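Please find the structures below.
Two complexes are shown next, each including subunit A; its partner changes from subunit B in the first to subunit C in the second.
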Partner chain A sequence: MSSFIKSTKEANQIVIIETDGYLNNEGGEAISAICYEKIKGGQHKFLINMAGTKVVNSIGVSILIEIIEKLQEVDGKIGYYNLAPIVAKTFNIMGLTKYSTVFATEEEAVGAL
Partner chain B sequence: MKKPTVELKLPILPNMELIATQTAEVIARHMNLTEDQSGEISMALIEACINAFEHSKTDSNVFIHFLIEEDSLVMKVIDQGIGFDKTKVEIPKIENKIGKEERKRGWGLQLIQELMDSVEFESNSDGTTVTMKKNIKH
Partner chain C sequence: MTKQFNINELQLKYLELETLLDITNELNSFENVSVLLQEILIKSCAVLNASSGLILMQNNNSDLFQIEAEFNIDVEALKGIIFNKKKGFFNEVNQNRKPLAVEISNDNFLARTNCTFGLIAPLLDKKDLVGVIVLFDKESRAGISSFDDSDTNMLSAIASQAGVAYNNIKLMENIKEAKTFNDNIMQSIVTGVFTTNLMGEISHVNRAAAAIINLEREMVIGNHYDYVFESNEIINQLISKCEEILATISETQIQIDCNGKSTSVNISVSPLLNDLNEPIGSVVAMEDLSNLDKLKSTFKKYVSKQIVDQLLENDEMLNLGGQEQEATILFSDIRGFTSMSETMTPTEVVETLNDYFNLMIEIIFKYNGTLDKIIGDALMVIYGAPNSTDKDTENAVLTAIEMQEKLIEFNQLRIINSKPPITIGIGINRGKVISGNIGSRQQMNFTVIGDSVNLASRLCSVAASDEIIVSDAVWKQVKDNKLFKGKKLSPVKVKGKAKPIQIKEILYHRPAFHYEQAFEKIEAFLITHLPTKYTYHTIHHIRDVVEQAEKIAKKEKMSKAEIEDIKLAAWLHDVGYIWEPTRHEARGAEYATTVLTALNFPKTKINKITGIILATKIPQSPKNIYEEIVCDADLDYLGREDYIVNSNNFLQEIQLNKKITELEWLSIQDKFLRAHHYFTTRSINSREAKKQERLKMIQEQIKTIKNGTSRT
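Up next, the complex of A and B:
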């Protein structure tokens, strides 16, 4: 597993992925590899805990758009929490918040997704 | 008095843009910028560097100049690549990318323009200079 992925766990049939470091193309691909494997296994809800990711680039975030697209095919959902302000702003500018949700905490996210 | 300037020379290697953001963070602290301002500057810088690395189609170094002014920070990202025509760059919209064949990337210029107060592009066959300015509200 990529060092960008700090941990994965499941709660309420939601796969929770905790990241650590720079969300670039490699980071994005590490997230997508887990999501696509879990989708094949029948899971359709994902949360990304980004507390450890203070820096992103648009290539890494674009890979999240690919995951959103894939999840639309299976009526799935993805959300994020613990975002740094600039990461939340980047998601907003790129339009991810139209197709996925930013939550404040894991508790809120698990309850709402 | 001459304005303080910081200059970097970056080789085109993976993640070299993070050197630029680390420098930007030091300058942001020196200028007493807010966390939001610092984040916006770093994000715009990352995107400008990636564009220079990916699209200049050259092995030459990329130069970054930080000009510290009384009420603003100006950053110039300079490459010696083949140049580009900004009028041919489409404004990306996620609605045009989700569920369509269109590639998901191509957000760099949009992010830079949204995050900075002014952006200028000078480009020709000898290279491109992106000049980004953030006004400082103390």
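Up next, the complex of A and C:
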């Protein structure tokens, strides 16, 4: 597992991935690798805990978009919580929030997905 | 990929602009350079899709850069790399002051970053290169690539903003550093300093100033000086004056009230001017003199002000060693203090000595004497050492005279307060002495030693109570001064001298004994001290005896002077009741001796008074007319109309100790009246008949009671 992925766990059939560090090309690919593997295993709901990620670039965002596209094919969903303001702002500008949801807490996210 | 999800150029530009706007907005919110640089680096990396980055800043003392911020890079791998401003890529950036996109070859010093592409932008302080932002490896979904012109422009814009922010923070840091530096200096100095602004409000107070004015800084800052120094008009006047004339003014040794505490200070007020020499307020400096005052005050308890001032000015005086010089030495000693202290509690002894020493030492210092030693109840005082004047001996004699004169007043107060008076003998000599600091470096005493000192001590022993005895050497120095009167005494043999020593007694003013003043003092003493439980031996009885004694004395043709003595004895005849009723005559005689001596009553007449007091003891035993008069006055009421009132008061007083029956009381009166007889013609003529009538009545009453008792 990449050092960017701090942990993964499952709750209510949702895969929860905790990240740590720069969500760039490398970080994005680390997330997508897990998601694609879990999709193959039949899981379609993902939550990213981004408490440890304070920086994101457009490449990282574009990889998340790729994951959203993949999930749309299987009627899956992805959401994020614990976002730093600058990360939330970037997600917003890059249009990510139109196709996925930003939550305040894990409880809220697990309940909503 | 579905087209609707593509990130388009517009979104990226929007992100770039937002990032630049964020940086611009946030730049002035940073107070710390490190935090600012880290934030700029992260945002630069994010917006330009750089995989990592560094910000290098110039070391203050060289052309070398050091890492101030890093992002997503292994800094450990960069250890040991010398980032020289004047070499390689950095030199190019330094020369052109423009961003530079580079490819990092294997032999480049940045190769250890394991990055392939770099974008270096200058951070400028005005025109000087103070640092660089270095971004590495532009990311894309296809892999890493070099930075393009758009990236260069973007980073240039960020670096430009960053440079401004960096300089602002540095400026603020310099200002804060200077302020802290100034504050530290201000806080550490012992001089109290505060400043006022143009509005007269206090804008700065250092710790020492707050301590001097005895107020918390918070209570002072922002308040007008008029308010803060409401009770110190002098400070307000000084500041006002300084504001008016724009020049430094000062006052020394002024006493100010500091929130209830009085403090002595030196004050200086100066105008505060800006770069244009325009007034912007005032600065007030205060020097607290209280510690110096305390030191002086403590010191002055031991040596005269003269010596203190000399020591403070010239610490060479503190060296061990001595010199031979002329000095005048005074010794004084309380007479009979040991036996007197036997009747006092330890606390009373200490209180008495402290009261006495306080009075005497004040006089000693008044005449510039140096208190050398207190030896038990004795004092040794030096005049003329270490520094001599032509007034030394005169000052010593003036001290002795004032000591004796003040002691008379001191004793009068003690008498009123029922305390035994103190008498002293004083001896003064002048001659060669060895003076200097004698002792160890840790503890030394300034003193004088030598034969002349010993002789002064011997003369003190020769002096009787109330006397001042001086040597011939002293008398020769003061005899021409009309202030002093000397009485030649027989030469005396003193220990350590083969030949008898010529001595003189210095005479001083002993206030004449004033009967009326003595009567008042004794009466006040009786009123204060006679036990209130007595119903007969009261101040009224004593006043009555004094009044009757005067009447009888006049009838007996006594002279005016004799009448005064008789009245004095009458005032004192029952004073012993204060201490010991059963032998009050003896205790009264003792007290009379003490008090009359202290009041300067002629010693030859004291026995006459004590004789009268003792003669009033029942059965009365007068041996002369004076004693007869007071004895008759004491029992004058036996032949008067107010007999019943007086005898009832007496009965009540007797019954304090023992209940007696009416018959017993009548029998006591019968026995007493039969045994009593008046001595003076006046009393025999005017009181005896009435007394006999009273006796008959009492005897009738006894008979009646006895008959009544036998009938029942």
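The criterion applied here is as follows: the second predicted complex is superposed on the first by the 113 of 113 C-alpha atoms of A that agree within 3 Å, B and C clash if a C-alpha of one lies under 4 Å from a C-alpha of the other, contacts with A are read in each partner's own complex, and residues count from 1 in each chain.
Just so it is clear, contacts are C-beta pairs under 8 Å (C-beta built on N, C-alpha and C of every residue); 3 or more make two chains touch, one makes a residue touch a chain.
Just so it is clear, the structure is predicted and the values come from calculations on it, not from any experiment.
Colleague: Consider subunit A as the common anchor and indicate whether subunit B and subunit C clash or fit when overlaid.
Modeller: Pair status: clash.
Colleague: Looking at the overlay, what does A:93 touch: subunit B (first), subunit C (second), both, or neither?
Modeller: A:93 contacts both subunit B and subunit C.
Colleague: Taking the superposition as given, does A:21 touch the first partner, subunit B, the second, subunit C, both, or neither?
Modeller: The answer is second: A:21 touches subunit C but not subunit B.
Colleague: Is A:51 contacted by the first partner subunit B, the second partner subunit C, both or neither?
Modeller: The answer is neither, since A:51 touches no partner chain.
Colleague: Have a look at where A:61 lands relative to subunit B and subunit C in the superposition and call it first, second, both or neither.
Modeller: Touch status of A:61: both partners.
Colleague: One more residue to check, A:102. First (subunit B), second (subunit C), both or neither?
Modeller: Neither partner.
Colleague: Between subunit B and subunit C, whom does A:5 touch in the aligned arrangement: first, second, both, or neither?
Modeller: After superposing on A, A:5 lies clear of both subunit B and subunit C.
Colleague: Thinking of the overlay built on chain A, is A:84 touched by subunit B (first), by subunit C (second), by both, or by neither?
Modeller: In the superposed model, A:84 contacts subunit B only, not subunit C.
Colleague: Show which residues of subunit A both subunit B and subunit C reach, each in its own complex.
Modeller: 22, 24, 55-59, 61-63, 65-66, 68-69, 72, 86, 89-90, 93-95, 99
Colleague: List the residues on subunit B that touch subunit A in their complex, please.
Modeller: Counting only subunit B, the residues touching subunit A are 15, 17-18, 21, 35-36, 39-40, 42-43, 46-47, 50, 92-95, 97-99, 104-105, 107-108, 110-111, 114-115.
Colleague: Which subunit A residues qualify as touching subunit C in the complex?
Modeller: Answer in residue numbers: 21-22, 24-26, 54-59, 61-63, 65-66, 68-69, 72, 86, 89-90, 93-95, 99.
Colleague: Sort out for me which residues of subunit C touch subunit A in the complex.
Modeller: Residues of subunit C touching subunit A: 1-2, 5, 7, 11-12, 14-15, 18, 22, 42-43, 45-51, 71-72, 139-141.
Colleague: Under the definition above, what is the set of subunit A residues touching subunit B in their complex?
Modeller: On the subunit A side, the touching residues are 22, 24, 55-59, 61-63, 65-66, 68-69, 72, 84-86, 89-90, 93-96, 98-99.
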